[in-house]
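Paired with chain B in one complex and with chain C in the other, chain A is shared by the two complexes that follow.
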Partner chain A sequence: MRAYILRRLLQSIVVVFAVTTIMFFIFRIVPADPTAMMVERGMSEEARQALLKEWGLTGSLGTQYVSYIKNLMVFDFGESFFYKKPVWDVLLPRIVNTLWIAVPGLLMGAAIGAGLGMVVGWSKRGSATERSGILVATIIRGTPSFIIGIALLAIFSSWLGWLPGFGMGDANGKTGIARFLQGDFLIHLILPVLAITIYFLPENLLLMRSGVAENRTEDYIELVRAKGVSNSRVAWHAGRNSLLPLITWLFPALAETIAGIVVIEIVFSWPGIGRELVMAVTRQDFPLAQAAFFLLAVMIVVANFAADLTYGKLDPRVVYR
Partner chain B sequence: MTTLVKYTKQSPSRRWSWLTDPLAALIRDRFALGGLIILAIFFLIAIFAPLIATHPPFESAISDTGRLMRLQPPSADHWLGTTTFGQDVFSQFVLGFRVTLMVGVLGAIAVGVISTLFGVISGYFGGWVDDVLMRITDIALSIPTLPFAILAVGLLGPSINNIILVIVLLFWRNGARIIRSAVLTERERVYVKWARTAGASHVHIIRCHILPNVFRVIFLWVTMSVAFAVLTEASLSFIGLGDPSTTSWGQMLNTAFTSGNLRSAWWWVVPPSLALVMLISSLYLVGRAFEEHANPRLRAK
Partner chain C sequence: MIGKGLRLGGPFTAAVAVVGIYAGTSATAQELGEKIPKMTVEYYASDMGPEFEQSARALADDWGKLGLELQLVPVQFSTFVTQYIVGGQLEDLAVFSVGADPDRVDPTYWVYDVAACGLRRNGSKWCDEAYSQRASDQRAIIDQSDRIEAVHALQEEFVEAMPFFTVVNRTYGIVYNSSKWENVTSPEPVAAHEELVNPWLAARPLTDDRWLDWAYFEDVSTYNPLAEESAVGWVRFIFDTFAKNNSEGKTVPWAAESWTWIDDTTLEVTLREGMLFHDGEAVTADDAVYTINTVVDLQPPAMSSRTSNITGAEKIDDLTFRISLNSPDAAFEITVLTYMFILPEHIWSNGPEDLLAWDIVADDAVIGSGPFKFKTWLPNEVHELDANADHFQAPEYDGLRRLALGQADAIRAALLDGTGDIATSVLPVASMDDLARQNDFLEFIEVPSHGSVFVWMNNEKAPFNDRAFRMAIRKASNKQRVMIEGWQGFAVPASEGPVPRVLGQWYNSDLEQIAFDIDAARQELEDAGYGWGSDGALHFPVK
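Entry: the complex of A and B
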């Protein structure tokens, strides 16, 4: 077990290393010049060279690469061109903001999706419940996340006027955790979380449904039924066994889900890491864009690692090698 | 006896069964049939889009009194109203079919070709090629899709070509893996081993035994890739990284969003949203029927 964790950890480090290398080259082969923005503001050539040196953009590719990796290893992303302060100071609050909408959204989407998937999977083959469940889930799955956001905005914010759909409310001068524990913030939280829930729900539903539909023909289900157990408890037997593939899918699916969350943040003007990434790219704020991307990639690697570990905890048959 | 007759009757067409069987399954599945019909209509509109469009997409409508006709609701002249710049929504919408389907189909074909190539080589020959491919896909799967697309398109410049390039870079990896594992099972089949013993060349075995049998998997992946490509293009365009010289649906929504008219100008927002949902859902419905067809445990009794 310990050897397995160690090996997976090493693998994860290799993956992170490879991603950073790819990133290094992406930022250096592109035609865009990071100082272009500054030169327009009337910067002298010497000042430009000094800046390039400060950002580690002078010298051979080899030396650049070495200093780049060195900086990343200690999570030193440098200073944002736009905000004129360390990238960490900009990104850390953004990450917290993203987690505020992502974690509840993903958890609710998974829970509700799995629950509904069990109902649909256990319903009679070809019944109205099954067919309409699959159809509705597939249509929602085919809805781009920003359209879910736009629809929620139109209904709850414009038409009914119940909920705000822009930003995360006034800080009222509060900082730290107190900033998030006010009614205004929580009201602003509702629509983005709802959008992520709806966006994430259908894939859980469909996966759970096919798991239950496959499991219900197994012999052990017949046995449980023969024992005279009630129908809903039999369904739970099949459902529990279908949770495993769902959970292994869940963590790696984060890579795709983060994609949806980036766009949802844009729709609701939520100051999260995804929206910051988009703004950094359009502003050509390279250190910030690079760091945001790096952190998103690390999140996925960590999630994959976690998935492998939980899988063994949940299924005793899994042997770590 | 009846089964024998049936079989001999069928046998001339067995040669094409790898193509006709999945197609028959699609038509039998009512959801997939609905999806196919929607897709057919969308393709027809895309092909004839320049004939259907009533105005040049970027032309601003000026009223008789010389004022810009901004945000007009639908009328006889502008069937779906106008944008905040006085452009005809209907024409932009119709031409959007072309952009969207072009990105989707070109991207998916490129993804399909590359995935098949890598999947077949790696699955069939194995060895170090397979090892290298598996390591590359391991790494590629840890790259967050849309953030990568945002970065790459943002840095390379927003154009249709770059968007297609990014789509191919993002989605070949999953396809190669899926096709590889399908090839792996086919390779171990008895008739493949017989064919090899009988002296058949690798090319012959791949062409006649492997490809027809993994065709279903390739087709499924290409179908899904169209959906992913459309989704990626729409998301990028909505974010503001679309090709400025075209009028894709994502871009229409982006203009409506950034100009602050998302909530009021329904005639501008609803058509592209609805079309995107219909297109992607139809592709998923077709893909789903394929998946169920391939998995006998899910087939209805």
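Entry: the complex of A and C
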């Protein structure tokens, strides 16, 4: 077990290292020069060279890479070209903003998805509930997150005018946690959270459904039924045993959903890490983009790692080698 | 692919392969040179709005009637700027626009920066040494009428050579909530950039909501004026400049009450009396001298385009100082006095060693003398500036809020739900007009500008190195069609030459306008020895 963890840990480090290396080279290979806009506005060549030097973009690619890796060892991604301050100072508040929509969205998606999955799985085979449940879940599953976001915006914001569709609301001069504990913020939270919930829900629903549908024919279910307990209690037994694949799937799904959240932040103008990442790429703000991609890579690797470990804990049949 | 740029090629490439199905003349095979190879037309991809694709399509459709095979290639904005606008990598043709920046009300950008030999912004790579020298020299002609004459002569030379041309001048827009605000004025011919008097300082509230909410796209990167490069105008709401350009295109006094040229390279500036910094300290010539000399010492990269000609400043008395220049600069007032700001010496002289990297928000040092005072900044979300009631042109409302919304739909939504009071860009102008037509509480202002949609041709490459071919392309360009199909009427067909007509005195109104005429374009080609094969394709002249 220990050897397995150690090996997976090393693998994870190699993956993160590879991702950051690829990112480094991608940003330097693409034909986009971070000084181009300034040159377009008239920056002199001397000033451009001074700026490139300050940003560490002079010298050979090899030299730049060595210093990048050295800094990476201490998680130093340098200063954002755009904001002119350390990238972590820029990213940390954005991460907090993202968590505000991501955590409730993912939890609700998992809980509601699992609940509905149980209902659909327990319903009679071929019934209207099962067929419509699978159909709707499959359609939503194939829908890109921006379509879900835009549909919610169109219905609840533009058409009905019930909910605001962009930003985090008026801060009213408040900072820190007080900024988030305001009615206006919570109202602004609804649509993006709903979008993430809907985006995350179908996988949970479908997985839970197949688990329950499989379990309902098992002998132990017959036994429970024979004991004369109510139908819903029987369903609960089947449901509980179907949670195992769901939980192990949750972690990689979380990682996968992060990509969807990036898009949802754009649609709802939510000032989170996803929107910042897209802006950073557009502005050719290499340090900021690299740090944001690094964070995403770490989150995905950690999620996969956690999934592997959890699986063994939950299912004793899994043996680590 | 990478070597050629990150272009939206492959399945996204819109191909217009039009090979002269046109009832024109066609030469016999033995008189023909090589067939003109397929050409690319690069343009801003849809991240900059649909107008460029439509413009490129309309133009290419007509150019195809010359017997050319054209491939339309959309290119993402920042890649386009890097590769073509300042990168010198133009392949054949490009259709794109240059912005209505405030400093471009001076003709230098139009006759020199984009047209002189070897300059980074001369992406069409035309090079005429004599023209370039004269275009450079015009900036040093202090006598205004002499300079106007020189600039007019340059335009004549330019049109004669036709290295590239302008198709339309862009119309920008302002849409605002007229149930809450009045006297929102147009900054024409400049787009509604921050810092200008119009519409910002002129606006008056009609309700108790005395905060003007600007629904905008982008964040500000820093409040340190030595380092800020993109939201230059926003920062100058806080830090007063010496002068401002008004909507008549004139440079008028602002923090400076007056200025006079002592000689060709020395300007004496007198500050307005009674100005105060936001912390209550008086604004004096010491502050102005300190700021200018600090800029000269540090040479901030972000400021280089405007300040590199300054050698220093010296105090004359409490309100008067002199600025010395390296060489005479006729555009100094219009481009530098409206850009240079005044830092409070008592704060900045106690700043950290690296002033360029100073985070003045973190250190509570955003103190200027401008019409607004810094209040809050929630990055990528909102900026709030309190009105400075002590300012000589204090706004008649309580504060200005800049919402960094990141996308056009959010800006539209903000206007509709009342969160935003005014929008000035990102939304296509036609959409602004539509919004105002559909909603009684919104008003639309059209702002004709000097922003220009260029057609660049690679002057270093055949057949574009042949004036006759370039002239034929010009004659086969239907500006009217581009205005309608590309810009839904929210543009103005451009006048001849590089200088936009809205620049008034700088534009040479004697230039002969070239009409759209495919027959004349084909005749131009035929006279120069070009010919058409039996399939209608254009061929080079025989060598």
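Convention: the second predicted complex is superposed on the first by the 269 of 321 C-alpha atoms of A that agree within 3 Å, B and C clash if a C-alpha of one lies under 4 Å from a C-alpha of the other, contacts with A are read in each partner's own complex, and residues count from 1 in each chain.
To be clear about the criterion, a contact is a pair of C-beta atoms (placed from the backbone, for glycine too) under 8 Å apart; a residue touches a chain by one contact, two chains touch by 3 or more.
Source: prediction; values computed, not measured.
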{"item": "Which of chain B and chain C A:H237 touches, first, second, both or neither", "value": "neither"}
{"item": "Partner chain(s) touched by A:S157 [first = chain B, second = chain C, both, neither]", "value": "both"}
{"item": "Touching partner for A:A297 - first (chain B), second (chain C), both, neither", "value": "first"}
{"item": "First, second, both or neither for A:H188, with chain B first and chain C second", "value": "neither"}
{"item": "Partner chain in contact with A:L277 - chain B first, chain C second, else both or neither", "value": "first"}
{"item": "First, second, both or neither for A:I266, with chain B first and chain C second", "value": "both"}
{"item": "First (chain B), second (chain C), both or neither touched by A:S210", "value": "first"}
{"item": "Touched partner set for A:V90, first chain B, second chain C, both or neither", "value": "second"}
{"item": "Touching both chain B and chain C, residues of chain A", "value": "30-32, 153, 157-158, 266, 282"}
{"item": "For the chain A and chain B complex, residues of the former touching the latter", "value": "11, 14-16, 18-19, 22, 26-27, 30-32, 125-126, 131, 134-135, 138-139, 141-147, 150-151, 153-154, 157-158, 206, 210, 213-214, 217, 252, 255-256, 258-260, 262-263, 266-267, 274, 277-278, 281-282, 289, 292-293, 296-297, 299-301, 304"}
{"item": "Contacting residues of chain B [partner chain A, same complex]", "value": "31, 138-139, 141-148, 150-152, 154-157, 227, 231, 234-235, 238-241, 253, 257, 262-264, 266, 269, 273, 276-277, 279-285, 288, 295, 297-298, 300-301"}
{"item": "Residues of chain A touching chain C in the complex", "value": "29-33, 36-48, 50-51, 54, 79, 82-85, 90, 93-94, 153, 157-158, 161, 164-168, 171, 173, 179, 266, 268-269, 271, 275-276, 279, 282-284"}
{"item": "Of chain C, residues touching chain A in the complex", "value": "2, 5-6, 78-79, 81-83, 85-87, 101, 103, 109, 113, 120-121, 219, 221-222, 224, 227, 229-230, 299-302, 304-306, 308, 357, 359, 375-376, 378-382, 384, 403-407, 409-410, 413-414, 416-417, 419"}
